[in-house]
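Letters A, B, C and D mark the chains as written, and numbering starts fresh at 1 in each.
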Amino acid sequence: MHVRVMGAHDGLTAVLAERYGFDALWASGLAISASHGLPDSGILTYTEVHAAAVQMRHASSLPIIADVDSGFGDNETVARVVRLYESSGIDAVCIEDKAYPKRNSFVDGNELEAPDIAASRIRTAKQAQRTADFLVIARQESYIAGRGAEDALSRARLYEKAGADALLVHSRQEHAGEIEEYCKLIREDGIRLPIFAIPTTYHQTSSDSLSSVGISATVYANQLMRASITAMQDVLESCNANHRTTEIEGEIATLAELFQLVGMAAPAVSRL
Amino acid sequence: MHVRVMGAHDGLTAVLAERYGFDALWASGLAISASHGLPDSGILTYTEVHAAAVQMRHASSLPIIADVDSGFGDNETVARVVRLYESSGIDAVCIEDKAYPKRNSFVDGNELEAPDIAASRIRTAKQAQRTADFLVIARQESYIAGRGAEDALSRARLYEKAGADALLVHSRQEHAGEIEEYCKLIREDGIRLPIFAIPTTYHQTSSDSLSSVGISATVYANQLMRASITAMQDVLESCNANHRTTEIEGEIATLAELFQLVGMAAPAVSRL
Amino acid sequence: MHVRVMGAHDGLTAVLAERYGFDALWASGLAISASHGLPDSGILTYTEVHAAAVQMRHASSLPIIADVDSGFGDNETVARVVRLYESSGIDAVCIEDKAYPKRNSFVDGNELEAPDIAASRIRTAKQAQRTADFLVIARQESYIAGRGAEDALSRARLYEKAGADALLVHSRQEHAGEIEEYCKLIREDGIRLPIFAIPTTYHQTSSDSLSSVGISATVYANQLMRASITAMQDVLESCNANHRTTEIEGEIATLAELFQLVGMAAPAVSRL
Amino acid sequence: MHVRVMGAHDGLTAVLAERYGFDALWASGLAISASHGLPDSGILTYTEVHAAAVQMRHASSLPIIADVDSGFGDNETVARVVRLYESSGIDAVCIEDKAYPKRNSFVDGNELEAPDIAASRIRTAKQAQRTADFLVIARQESYIAGRGAEDALSRARLYEKAGADALLVHSRQEHAGEIEEYCKLIREDGIRLPIFAIPTTYHQTSSDSLSSVGISATVYANQLMRASITAMQDVLESCNANHRTTEIEGEIATLAELFQLVGMAAPAVSRL
């Protein structure tokens, strides 16, 4: 069984991902920040990110994994964040091992948190949860930070010991070489935790291929957001050129489709 | 001078509309509800709609017109709504003359509010504002409700007397006949207020044509939202079919484009 | 067993009520509106009332009953309200049978909702809940509206049939006569639901007395809020008179007491 | 002219302070955290603190100074915080020179931020503001951190150069000795900025005395919050002892007083 997780940033993206049969939602820090028109640099507060996750919760019954960056602060904050999400029906948080405040994994300037501090965040999160089913996923940025496989493995051991329910390995190579290497090392070491991957740069590697090397869940973190940008730019350009939207109407959802998606009665005017 | 107003629903759509040179933003009730995955049936609270308008305020310096349905309640509520928006730097509210709770103008079951009650909402809104520049736009649904031109005109007189700074005439015909008729009647009656139009169904009428019949501002209320839906459905379908996003990558914004839009440093990896 | 419910309006009041051994919290519409400096006239949105209930949820482990007025709108809204509260860990909502938008029970101008509409709200709420334990309490305003015992009884039957888990009878007499009459009628009619009472005007009737006539739970809805007002007025007056707070310092909590309440380390300066 | 500033934590406290003639409001981090039932340890997000300030803004027309701790993060965050508050009609922010995340000034473990970093926060805040009237107050914790007068003075010079509109000197002595020393040094050095003081521990020093040594504004930061705690504890104790609230009713505001405060019609029942 391979879990397919779609990145979402509001209620509508949650509705769409559920309609198309995805297994779970990823409340993406990058996409939620972008929906605010803000950079992914820890500038949005965790209550704002949480508000987007709550929108998804109310719009969909899929499991939701919240991307909570490196935990938004010290352990006291991590504990509050976990309780906030858990008490709103969010199913999991994913905590990464970058220093706080974090930077997006695709820009420079990222530094790893010290292993024991990063592990203590995982431990704090697990101790803070109040229900049995809530999951804490430890996201590893060793490859992003140029620290390599050995660093990733030694941290994975710490995170497992701290109680992590799953691991997420991040890579920004164009191919899945690091992912494959990581899975092999982890399994040889006897660690049995499920492993997540986010094929943003190595998108040519299918979920089947990822599954075959030991990945349990594939996260498509930001494609919906990126697709919406291009489509909206097309509308703006067309409207600028033609002083009307007629030329783009055939390429965008009808009002009837929009109404149907959000549970509204059909439009009174059949052609809409 | 003709004002081009683009419908937006979050900070990102505000950023995009500003980049493409539009003059103002329309904080659309339909689009904001849809972004929550919820129907446009007055179910979202005015504080939730306000939160989306505030996102736009922080993301863009364009004037923002907030679509506040029929005012969200009685006059005491209308006054609070106006102060809430005005104190957050929103430039105008548009109040429609449908009965509360309202339904979307493109579904059946819409009823008009009694003219004097609708006018009293406009008056209340004008009295509630605290700065000189804030605008109250009276949106007229007479055509939508099948009441015709005479009803629209007699109400326009009341709304002008109540202090409205502009009128917005709504129509769901496929052509701009009602718009043309309305503008003619209004001007013959000596009413000099600017008139807004929303060419959703009569999109073949360009803003130039609307301008030539007397419309001062054209609102593209929901096209950005509708475009994003189709584009995201394309991603979901492609990902379902191919178990990866490679096949759709060429049609969606790159991470570099996304980063640039929201003011992030360029990605460390040049091909992104 | 008699349940003692304390009215609260933020996280701190929730902490205090739990420290003093109360059994449950009442997220009071009046007190939450007052904490905003706003009248109790349906002007606060249900998301704002909900935010206060969520503060209590995070501050206390006591069961929380949310006072949701008459449901904040039509049945579609009632359903959303129930899901919003339930998904945030709130244990119960109390829906009253006044017409929407509601007025506070202690001012004039209250009208009852038609019995079948009021009952349909209860039914909608019960159908909307997703967990087994969530409770819907039907609050009856027949006495407040001057409709008397027969009206209350006939409505109680409808609300029970609609699925209400408990009844709440409201009275603004100075003694508990109506409460006693109501309990007698309800029990004689064979209705076995627990009954809540709010002894604001008939405060001389103790919870023991209420229990002896058949009340299961006593709600002290607004006393904490009212106490805080007087105490803060005393500070303001003293500070105005003396140009310092020394004269009132002996009557207000020390910083050490405040720190202890909210889980902070003791002040570094022992005399605080 | 001496400005008297009352610490508030919600809309109601803002209403009260305005009724009693105070000149401005202090949106206190400690009191707002405490109202959530949470410690004053940087755990509340700045959007949550902001929400309380916005409540005050809507409830009162007094100038509002927001206590924003040490700025809630790096300079990018400071800039967003300033714009968020300014665009909501808040009149000033007060930024302190403790390291982030900050601790309350009355507990141990406080560390000062490096002078140049602290000054860069002030500069960032001044550059971020968009209106001419917005004020940035630089709060100095040199005495709290045991660094003494020289450290305070050298930092004051930096903060003035960075654009601070006023200084706030904090002390936790039982008398105003440090305040007096600081004012003398600052004035001898030629710095002309207004100076704020918070006489929590040295409450015996009246605003007149503070004024005579050179303080321009006195802040009563947490007395309203502390008064409300004691009063509410009295209610809880009395209710526990007597199983009713009769014994405490004479000491708490009547419903009529509460209604009058928040602008509600008088109760229908005259004795309330």
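Here is the rule we use: a residue touches a chain if its C-beta (ideal position, glycine included) is under 8 Å from a C-beta of that chain, and two chains touch if they have at least 3 such contacts.
None of these values were measured; they are calculated from a predicted model.
Across C-D and B-C, the chain pair carrying more C-beta contacts is C-D.
Look at the contact of chain A with chain D and you find the same residues on each copy: over half of the numbers used there are shared. Between chain B and chain D, the centres computed from C-alpha atoms are 39 Å apart.
Averaged Cα coordinates give chain B a centre that lies 38 Å from the centre of chain C. For the pair chain C and chain D, the distance between mean C-alpha positions equals 31 Å.
Across the assembly, chain B contributes 38-39, 41, 58, 80 as residues in contact with two or more other chains. Of all residues in chain C, those touching chain A in their complex are 57-58, 80, 83-84, 87-89.
Across the complex, chain C is touched by residues 4, 6, 10-17, 19-22, 30, 33-41, 51, 55, 58-60, 104, 106-109, 172, 174, 199-201, 203-208, 220, 222-237, 239-240, 242-246, 248-249, 251-255, 257-259, 261-269, 271-272 of chain D.
Against chain B, the residues of chain C that register as touching in their complex are 38-39, 41-43, 45-48, 73-74, 76-77, 80, 101.
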